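Both complexes below contain subunit A, partnered by subunit B and then by subunit C.
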Partner chain A sequence: MAESICRALRDGALQGEHAPALTIKDSIVSPFGFHVFTHLLTQLSSNILAAKSQSRGLVLVAFSRSPSFYLDLLNRKGIHVASSQKWIEILDCYTDPLGWKDALLASGYGGSLSNEASTGASLCRNVKDMDKLYSSIIELGKGIVGQGKVRFCVAIDSVNEILRHASISSVAGLLSNLRSNDRVSSIFWLSHSDLHEDRVTAVLEYMSSMVASIEPLNQSAYGHRCNWERLPLLKHNFWKGKFHVRFKRRNGRVRVMSEEFYVEQLAINFRSISSEDEIVNRSLLPKVQFNLQLSEKEQFDRAKVVLPFEHQGTGKPIQIYDGRRSLTDGKSEAEPVSTGILQTNENSSKGEIIYLRDSDDERPDSDEDPDDDLDI
Partner chain B sequence: MKPTTSKSTAERGLYPLPIMASPEGALVVLFHMLTFREVALSLLLLLGSLSFLSYWPDVHNLWLAGVAGSREPPPKSESPASTRSTKAKPVNNNIVMATSKPRTSSFSRNLATVPSSTPGLKYGPNGTIFISSGIPDLDKILGGGFPLGSLVMVMEDAEAPHHMLLLRNFMSQGLVHKQPLLYASPSKDPKGFLGTLPTPGSSKDDKSRDRDPENENGLRIAWQYKKYFGDNQYHFDSNRDVKHEYCHDFDLRKPLEKHFISGQHIDCVSILDSPNLAALRDRCATFLAQFPRNDSSISSASRIAIQSFCAPQCKYSNKEWDMVSFIRSLRSMVRSSNAVAVVTFPPSLLSPSFSRRWQHMADTLLSVRAIPDEDKEMAKLLTGYQDMVGLLNVHKVARINTQVPVILDATTFSIKLQKRRFLVLESLNQAPIDSSSGTSYGTSASCSGSSKTGTLDF
Partner chain C sequence: MDQRAPNLLDEALGLVDEEKTKPWPLSSRVVLVEDRVETSGAFVLHHLLKRALSPHSSNDVVVFLAFSQPFSHYDRVLRKLGCNLTAQRENNRFFFLDLLMSEFPDGDEENKDGLVALYGKIEKVVSTSFQENKKCITIVIDDFSLMEVAANGSTNYVLDFLRYCRTLTSAFGCSLVVLNHEDIYSSIERPALILQMEYLADILIKAEPLATGLATDVHGQLTVLNKEIRDEQGSSRNKICNFHFRVKENGVEYFYPGSKT
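Up next is the complex of A and B:
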């Protein structure tokens, strides 16, 4: 549910808590992760500009697209980048991540290389150093919002690019440091799940509090024979997909939501899922036993029932009750009914034993000695 | 004189004397097959073996008493009297019979009736000593608590922080009992976690949860059998001293009072920045060296709590063999000391073969799992779904001094917070099936999904 994600990112972190972190996960069968990323980016930016969110600024760490792309994108969506108050900073890790251009310039080769100096972007030349990356993100953020208690958001373009240069444990360290920094309001990143091992995806999901995964509409097996008649349908369905979100809530439960999306011309729209194939969460249903515990009221009522075989405690000889109406005066009789219903307990408690004899016509001893009925 | 027909043994064959059979059956067989002299001999042998058998449980008890230190000697005075009485009576009577005098059976287990001098330790059978996990229900499920010298591993769920609840209760219980604690975590400042430990709730007002619902004082229906009851109802209440309870109920909303934390032997270690595990191993070794296990009486037990051991931000987290060897050495160190170590780890971050290795290393293996929120299917199926925060599975229970495993009735429990404060584990109960639908849960009317058997089972 894109709305809830936007709300969660907008609301940010409580005091003393880690910042909410979102992983956007896609794969080659439905490669629209970047669309979701830009959608969230624009939503968050408009929230920041309208002062609806906890954060006052945004630091965008751009790995897979150039900063100018983002500026164009935001301008196209009607979000003014060059407004009076600076609210966005872009850390440019796209242009020269490993510092090669600098090295070339230094050694005199790249005279013709133009030095792009885009507005609002600072260059990062060494993405292998996670500490340096962390400190530059924090510095940029503090540059936007000042020194006080105001927070800022962080958006990382693509974690896969960082993972090319650094190990997963250092990237995990970076993400957890960012989350636990008390100036960061929320953080989200994009990851393509089939570019790395499963363990990397598991680590990213472990570090995040929300996981949004993008899946195709029909989960068909990879490499099955291409059905030529279904090709137009497949093509049509390519632009649609399912958007699943798992929220880790504070009470320890996981909220699972999903909706459908469709993409048209770089814009992505979300709509709620049509409930034809409801995914039934059957994985946790146990083979449970029945509830044999009693509630308090039930226990109380049970305690009040006088069982006929109990020790009456009165010192009188014990009479075994066998349902006949000829009983001692100790038990209070209801109005004598000829069908033989007798109530054992007349008071207001609900616990009663009602014994219905089959028939009262039988001779009194027929229970004990059934052979008397036989006529031999 | 009548010639005695004495056939040679070779002709008759050797009849094996049925030692364990019932005396009457043995008598019948004997009288039919053998001569009178042989019958008399075999009867004497039978009596001798049976009297030996009635002594034998006492021998067993004596051995246990020797192992576990000071214990009351078994009721030896009764059994010779009983065998003497059976020898005097004719053999036709049953050896084991209900006498009018209530005698405790010589097969009774000798649980320690002497209260332990150190609070926080409980003596169990087979010479094991338990310390409390901090959660009363978990102690009950595990048969007394965590045995000293065992390694407890808790498998986390990446989506829920329930392992923190278990760790917090474990650590708080240790601090309340003044047991030294070593805490390691992947955060930069582990000491901060101590501020989130819960305080013991007041022990008086929540005895509404009956500890032993089956322990009724009398029998209601079979009251005629009351006169056969011995006095074996004592050991339920022996450790119920209010001040030094074995296991406290912790109120998760209130933090632990300062006097429990200050002045205590608490070590906090951050495992975030260490490139290898040598430093942690040294810390554990020095900590555990203070509590060696020997035959003298125990002064105090100690606790080790390691949180999220393979957390990805730790620098050693990609060295899988190093982590396995650390766990193995930790287990061996704990085994030879009076300590319990609790290690939590998220198994999804390990490769499957290593996850299996870690699970095999554990003496007690628990796992916590998250439950989906606002899941209508689960709400219909389980009672008390609203209060549940998660699920706890017990995979393995430590049995150190015995070969008899623990077989639990149920291995899955729901974690609930009673009154939002106290951690309670309950076994799962199915909600009553709606009478209108009338179908079992497998084919419920509203869903069309396949009825896969769940990963939870009983």
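Up next is the complex of A and C:
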């Protein structure tokens, strides 16, 4: 499922349509959205490098981590950033998002410039200006792929940071402008859903064709803050969680899929919902007097029961009485009927139907017309 | 009691290092200490302060932003722990910024300018120390809620300030230690400030009273959530640790629940 997201981001947009957009949302109870973000980032990067994707470049808008962090990360995953062809551009909104350092430097107060400058990322000194942000993202993208029809991807590592400086309407404007730009192949962003009102999360979700939400394994009943009283449980399950993905199709069809994830050694791993949990779920069903399901033996036995309307050819070819010949074993079958037992079968491996007549009042089957006393 | 013996808090933070070969494990990391009115988390700050200024690591510099207590308070506490802050201050290893009486001027722009100037001060200290080859720099803020008060309650600006301090951690390998009170946000439905800080933090230390109530031998419990474990050897370390503590006159005792005789 994480793979299907990767595929959707890789395949990109159709001509004349909005680019596929993905919202990754998490909350403080299970704050692993960033792990999902970096996972998708590395997957997409390797796809771009292998020229498997529609896009030929990636613009990363870095708010929550420094550009050097991302370069280290990609290098660690074996993706070479410094390849011959430039394919990634980082817009640095982390180092100096509000221009404080610039102002300090200008007034002669601040220290030397940090060594972030050496990473070659382009600095954004005013994240409050959405138009500027938009144009610099597009410019960086065009710088990678050049003029023409080639597209690029956009990744934003924290929408919350933009939202702290700008209103939701202007952020929505920025995102939708990016989505509808015909040079953008796909776009994804990370949002911590508990930092804002629900309507903000809803707005972001409306604008995305996919929503990946990260939830803890055991949804806390006590509210969204960490509850340390459940610590023994938390100790084991904090690093695991559920991963739900909602796909919205063009025709309005919505599909939700679920997976589990666990975080290990700074990497996130996905797996299908484990059968262990299903067994737990099954044993959690209330104990009832009757069976809802048959055991294997019961199913086997049931299959062996010969139903009365079935031909009971005991190894012999089935003969259908056509009125010209008398059935040879008609006599032997008629006998047990009169004693009240329809059929006694020595072959015990076969299922059987035992029929006991209640009383002699009950008439044996006959050819008599049961309606002959009616005056028709 | 041997002061150098590693305790549970050191273990949880990864500060145990017999050979003194590894770099300061808190470098480039943000540590958030959350406490409550019943259990003060100040002793965690004192402990980290003492570790950062310990004579074994002569390169360390601490920048201390004091909003809650005067210098003499910290001096007395740390002296009990065997660390002379006055001497360290004269050696230019301890930079004490007394912000006790500070109040950033009212009004939006002036408010921001006050924080920018404060950040400028810190950046200057950090970058000059860095150039003097003092690589392990710790920035301590005690405490963040009072900083919000000083900034006339402007949450956004203090968060910006915190963000900027965090850029120092990635640029210069500083560690940033912030104390905040958890319970003052408990009535707010969406406590954005404390949540933002928790998202920012690499290590979260919570000091809480015991769930079972007051006890004479146990003063509270500490929970350490170490979010990112950097382990090159692949050895697994406890990621969430929980233990009890007892604050004594000249040190703190840490022990696992039920293990105290």
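Going forward, the second predicted complex is superposed on the first by the 256 of 376 C-alpha atoms of A that agree within 3 Å, B and C clash if a C-alpha of one lies under 4 Å from a C-alpha of the other, contacts with A are read in each partner's own complex, and residues count from 1 in each chain.
The working rule: a residue touches a chain if its C-beta (ideal position, glycine included) is under 8 Å from a C-beta of that chain, and two chains touch if they have at least 3 such contacts.
Here the structure is a predicted model, which is why all the values come from computation and not from measurement.
J.: After the superposition on A, what does A:E205 contact: first (subunit B), second (subunit C), both or neither?
T.: A:E205 contacts subunit B only, not subunit C.
J.: After superposition on the shared chain, which partner residues are touched by A:V306: those of subunit B (first), subunit C (second), both, or neither?
T.: Neither: A:V306 stays clear of subunit B and subunit C.
J.: May I ask you to decide whether A:P31 touches subunit B, subunit C, both, or neither, giving the answer as first, second, both or neither?
T.: second
J.: What is the contact status of A:L356 with respect to subunit B (first) and subunit C (second): first, second, both, or neither?
T.: After superposition on chain A, A:L356 lies in contact with neither partner.
J.: Could you look at A:L98 and tell me whether it touches subunit B, subunit C, both or neither (first, second, both, neither)?
T.: Only subunit C; A:L98 stays clear of subunit B.
J.: Examine A:A172 and indicate which partner it touches, taking first as subunit B and second as subunit C; both and neither are also allowed.
T.: In the superposed model, A:A172 contacts subunit B only, not subunit C.
J.: Return first, second, both or neither, reflecting whether A:R164 touches subunit B, subunit C, both chains, or no partner chain.
T.: second
J.: For A:D194, is the partner it touches subunit B (first), subunit C (second), both, or none of the two (neither)?
T.: Touch partner of A:D194: subunit C, not subunit B.
J.: Enumerate the residues of subunit A that count as touching subunit B in its complex and touching subunit C in the other.
T.: Comparing the two interfaces on subunit A, one with subunit B and one with subunit C, no residues are shared.
J.: Over in the complex, which subunit A residues touch subunit B? Could you list them?
T.: For this pair, the touching residues of subunit A are 167-170, 172-173, 175-176, 180, 199, 202-203, 205-207, 246-249, 251-256, 278-293, 307, 309-311.
J.: Taking the touch rule as given, give the residues of subunit A at its contact with subunit C in the complex, in rising order.
T.: 28, 31, 65-66, 68-69, 94-98, 100-101, 103-104, 109-112, 114-116, 160, 164-165, 192, 194-197, 225, 228-229, 231, 234-235, 238-239, 265-266
J.: Looking at the complex, which residues from subunit C come into contact with subunit A?
T.: Going by the criterion above, the answer is residues 116-117, 119-120, 123-124, 126-128, 131, 156, 159-160, 163-164, 167-168, 170-172, 190-192, 195-196, 198-199, 206, 208, 211, 223, 225, 227-229, 231, 234, 239-240, 242.
J.: Spell out the part of subunit B that touches subunit A in their complex, as residue ranges.
T.: 158-162, 187, 220-221, 223-224, 272, 311-315, 317-318, 346, 348-349, 351, 369-375, 377-378, 381-383, 389-391, 410, 412, 427-432, 441, 447-458
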